[in-house]
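Each structure below appears as structure tokens.
Two complexes, one shared chain (chain A), two partners (chain B, chain C).
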Partner chain A sequence: MTDEVRFSISKALTAAAGILYIPANFLPVMTITITGQVEPLTVMGGVMELYNTGLIPVALVVFLASVLVPVVKIVSLSWMLSLHGTAIAQARRMKVHAFLTRIGTWAMIDVFLLSILVAVGQLGILASVQAKPGAVFFGAMIICTLYAADIYKTYMIWQPPISKPT
Partner chain B sequence: MVAAWAFATAALITLIPANMSPILVFSIAGNSQENLIFTGVEGLWNQGFQPLGALVFFSAILAPVIYLLSVSYVCAAWTFQKRPPLLAVAFRFLEALEPWNLLPVFAIACMVSVVKLRTLGTVNWDSGALWILSTAVFTMLAVQCFDRKCVEIYLEEDK
Partner chain C sequence: MTNQHERKDHGVISDTRKRGVSWVLIFPLIAAAATAWFLWTDYKAMGPEIEITFDEVPGIQAGKTPLVYRGIDAGMVTAVELDKDLNKVLVKVRLKEFAAGLASKKTDFWVEKPVITLAELTGLESIIQGNSIRARNPGGPPEYSFVGLPAPPLMPLLPGAFTVRLKGAQIPFLNRGTPVYHRGVKVGLVREKMIDANGVPELRLMIEEDYRDAICTTSRFWRLPATSMKLGQHGFKLDVEGVDALVQGALAFDHFNRSGTKISNDTLLELFDTEFAARSSGRLLTVSFDNARGIMPGETKVCYLGQPIGLVESVQPNPSSGLVLATVRLMPEFEYLADTAASFTLVRPQISLQGVTGLDTLLSGVYIELSPAPGGTHSDLFAGRSMSKEEWERQQAERQGLSFTLSAENLPPMGKGTPVLYKGIVVGSILEKKLDAREKPVLLGVVRPEFRNALDADARFWRVPATAIKAGPGFLQFDINGLQGLLQGAVAFDSFTPRTKTADENSRFALYEDEVNARALSAPVKIRFINGRGVAPGRTELRYLGVPVGVVDAVETAEGRVVVTARLNQGYEFLRREDSIFSIVRPNISLQGITGLETLISGVYIECTPGSAKRLADSFTGRSTIDAEEILQSGLTLQLFSDSTPINAGASVFYRGISVGRVTAKSLSSDGRQITLTIVVESKYRHLVRQNSKFWDSSGLKASLGFLQFRIQTESIMAPDGRIAFATPDNSAMGTAAKSGDSFDLNHSPRPEWLKWNPSIPLGD
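Up next is the complex of A and B:
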């Protein structure tokens, strides 16, 4: 794979993640049924619910991991990619890239949370948890951001703008 | 590197009970439901979310196993200064799977889910949670101790 191809794929994945972010956050991720009451939950809804029950630290963790991290990733990836081939802020871009790969996986918290809730929510009418399409968008978005950061290698930051064969 | 080998092996060993024993027991009105990592995969799969089930299976069960196996293989080879077959392949696996090793994240997700479920019914920790926690800690220690440059140089010498 040449660097040009890597760059293009990274751009495409970032754009895809940006688009997927919208349905991932507005469609319900799951419905929780407790003693007959059905309750659809979005990602943000889950955070709000934790916040309202007074569990502010936990709400903060979930908010950071599943709402803020994807936004930060998408914004800084597009910033990084838009400066590709220029000499602007190269050292800073290195730092951002390292930071991105470090925080990248934390958004998976929500997918795991869903899998645990689905696992325990198999008590029929008393308590059941049903996954919803929003979760698929969410998972797809996370994979896109993970690969977008992974496929753009750090050495590419330092490359001269034109690398076309003459 | 020897330390990384030790931690990776420890993580591998604790990974077995982590996958076999229930993480938490949720009960409501006298009915209770146990939960393994795999139950979640199964549940998602049965509800028609095969991609998500596969994603959880891959990142919480398969990737940690392969990742830890390749870390201990590479570190053992370095420790004994031997060049066993497929050393380069194992190293490539290790590099590729590093971002996919999500057990520490899974451990946090367990905690959040307990907090969330507490508002709905009764939740009790089970032994699996401790095993997962110890696997996560050992994995992080192994990652800290692992020296990539060291292996790269070692592989270079091979040629």
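Up next is the complex of A and C:
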């Protein structure tokens, strides 16, 4: 795989993540049914729910990992990729890239939370938790950002522009 | 330009990157396609949005409450708003695409909520799943604005097209949801309970479409009570009609095999209280009664040969005619019985001497007996009778009978209908009890025509008590004059004398206390006693040789004496002879014997001893004898005078050691100087007493000590009252026979020559 291909895939995945971000955040990721009351929850709704129930640290973690991190990732990936082949802020891009690869998996915390909730929260007619299409979009978006960051190697930051003659 | 130049220099580099770039675009394309597809399907699943207006929507939340149709989610509430006036709630519902048909004109929407009452248990799932909006019965042109139903319909799926209206005077315990049965099959429900414009309660029933053929114009509805109790001669029966009916009752209908035509929707029918009332659907008959006591509208039945065939519908007093008008409906199949020849008789329980009738009505209440007769014409108006046929006939007969009046000092609790007996046969009855002009109670009675001749002009009436107890020595007798007599007693009469003539109409008779009084026919005799202890008017009897011959009528005092007025029965006139003796017999217990013991139980009586005189008297001086036997057998009463004596009444009189008489009284002589002993010598020994007979006190033990005559007297155990002896001189000196009332001296001791006298005294000398 040439660097050009890597760069292209990274760009494509970032774009896909950007597209997926919209349904991932606006469609409910799950529905909580408690005594017949159906409560559809989006990612942000889940955070609010946690916050309202008093679990502020958990809410903070989920907010950071599920809401903020994907945005940061998409934005910084876009910024990084747009500067590909230039000599601008190369050192900073290095740092951002390292940061991205480190925090990338944290975004999956919401998916894990959801899968545990769905598995545990089956109390028959009293309460049940069901995953909704939003979760799929959310997961897909996270995977896209993960691979977009992963496939774009650090050394590529330092590559000169392709079109530039040697 | 430079590039082209260099290309020429370094060969051609094939442009493979372009291919790679286009290949890599598949990721964002897939993402976009997936998103687009998802959003598209989501949008496609969205039906039209409708708006429903409710009065209140408890538990309805936007985004959470589903719209349920036939059990599945057909939409979701998207908004809950109030209208401008804050009077209504607007609920916006986004229908799902497959349920878009619900947005049609006929659709009903309502808020389903749990209803938990004794009678109804619905919307149970709403407790867990929360309230929801329900829909049913879509149809018609599209419509997006609706008014929701105020309450859930009874049948969520069926449209409930066929409605019957029922009217009744009152319809208690019937509510929305009360089941309607036809021959035991549940065919519908009460949909609505309301009061119409005229203030008449009305029920709206919904009959399931499948069963609408069961109703026709002749169908009659009635109420099934939740539980019914039947108490009758066949025992106790409790009917419970199913659990739902148990709580709220039920309705039933049937046409009882009467053909009718189909009815249209919303027909008005009548509701009856009971099945029997529903069956009795004949034309309205009016029966007038002079007294309708016991008739209960809706309960009193009309019976024919004992079988109920109709029901009293209403009872209405009519002041203008003074009658009570009862409206009656018969079962149509028996309607032909009611023609002018038929008679309606109100049957009540009757307990009288003539018998106990209508006893069943004690349990079942009164009923009206219909007695049809041939040859009548059609009529709707009847005159009813308030008593049984037999009683009616009897009363008619008694009106033609021989009436009489009975007067008495006081009357026992004896009322109307008391039977009049003659030799044990009921010959009439007492019609009335009242006070006459002199404030004395009188009884008006009547003797039935067939017994007219039994009532003699000098008949005597007496009361027959309900129960009587007669006790005497050796017998104790209870008289209970039958059941009827037990209840009210009776009046009896008899003429103890041979018949003279039949009594006139309205004769007046005296009513005697009892038969003994009635039998005592003769003129009263007055007997004077010193002491009237134990003599009771109307109860103390006069006896002759132990047989009752009369009764004491009155006891009063006059001049320090007790005057007893008594009457003697027919045939005992001879007891009124001038010298007859009347003596009160009281119980006496002494060493000489126990006499008059029966009087302990029967009370004292007056013993009569007939005299021998020819003349009759009305006034006598009675005695208080100790033993009536002596009086009976005595012929000779003598007076003995002594200055002092220990001898008491009851002491025996001896002649040669044989008891021939007795001291009957001990008293002070009129001047107070001497003691008078009255002795009675038995009649068979009376000839022994002569003018010159000597009497002495022979009681005690006498002993002579030395020159002094010292008398020792010991009370003899055998004769605590002492004893008297007498001797009569020898034939030449005996004198004539003593007469009653003669006086003698009582010596303390006999002279020796007295003891030697040995006369021969022939009887009847």
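Assume the second predicted complex is superposed on the first by the 162 of 166 C-alpha atoms of A that agree within 3 Å, B and C clash if a C-alpha of one lies under 4 Å from a C-alpha of the other, contacts with A are read in each partner's own complex, and residues count from 1 in each chain.
Everything that follows uses one rule, which is that a contact is a pair of C-beta atoms (placed from the backbone, for glycine too) under 8 Å apart; a residue touches a chain by one contact, two chains touch by 3 or more.
Quantities reported herein were computed from a predicted structural model and do not represent experimental measurements.
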Chain A as common anchor, with chain B and chain C clashing or fitting: fit
Which of chain B and chain C A:K11 touches, first, second, both or neither: second
First (chain B), second (chain C), both or neither touched by A:D150: first
First, second, both or neither for A:V111, with chain B first and chain C second: first
Chain B versus chain C as contact partner of A:G139, first or second or both or neither: first
First, second, both or neither for A:E39, with chain B first and chain C second: second
Touching partner for A:L83 - first (chain B), second (chain C), both, neither: neither
Greater residue coverage of chain A in the superposed arrangement, chain B or chain C: B
Minimum C-alpha spacing, chains overlaid - chain B and chain C, in Å: 13
Chain B and chain C contact sites that coincide on chain A, given as residue numbers: 35, 126, 140
Residues of chain A defined as touching chain B within the complex: 32, 34-35, 46, 49-50, 53, 55, 58, 61-62, 65, 101, 104-106, 108-123, 126-127, 130-131, 135-136, 139-140, 143, 146, 150
Residue numbers on chain B that touch chain A, as the complex places them: 23-24, 26, 28-29, 31, 33, 35-37, 39-44, 47, 49, 51-53, 55-56, 59-60, 99-100, 102, 105-106, 108-113, 115-117, 119-121
Chain C partner contacts - residues on chain A that touch it in the complex: 2, 4-5, 8-9, 11-13, 15-20, 22-23, 27, 35-40, 125-126, 133, 137, 140, 144, 165
For the chain C and chain A complex, residues of the former touching the latter: 6, 17, 20-21, 24-28, 30-32, 34-35, 38-39, 63-64, 66, 125, 128-130
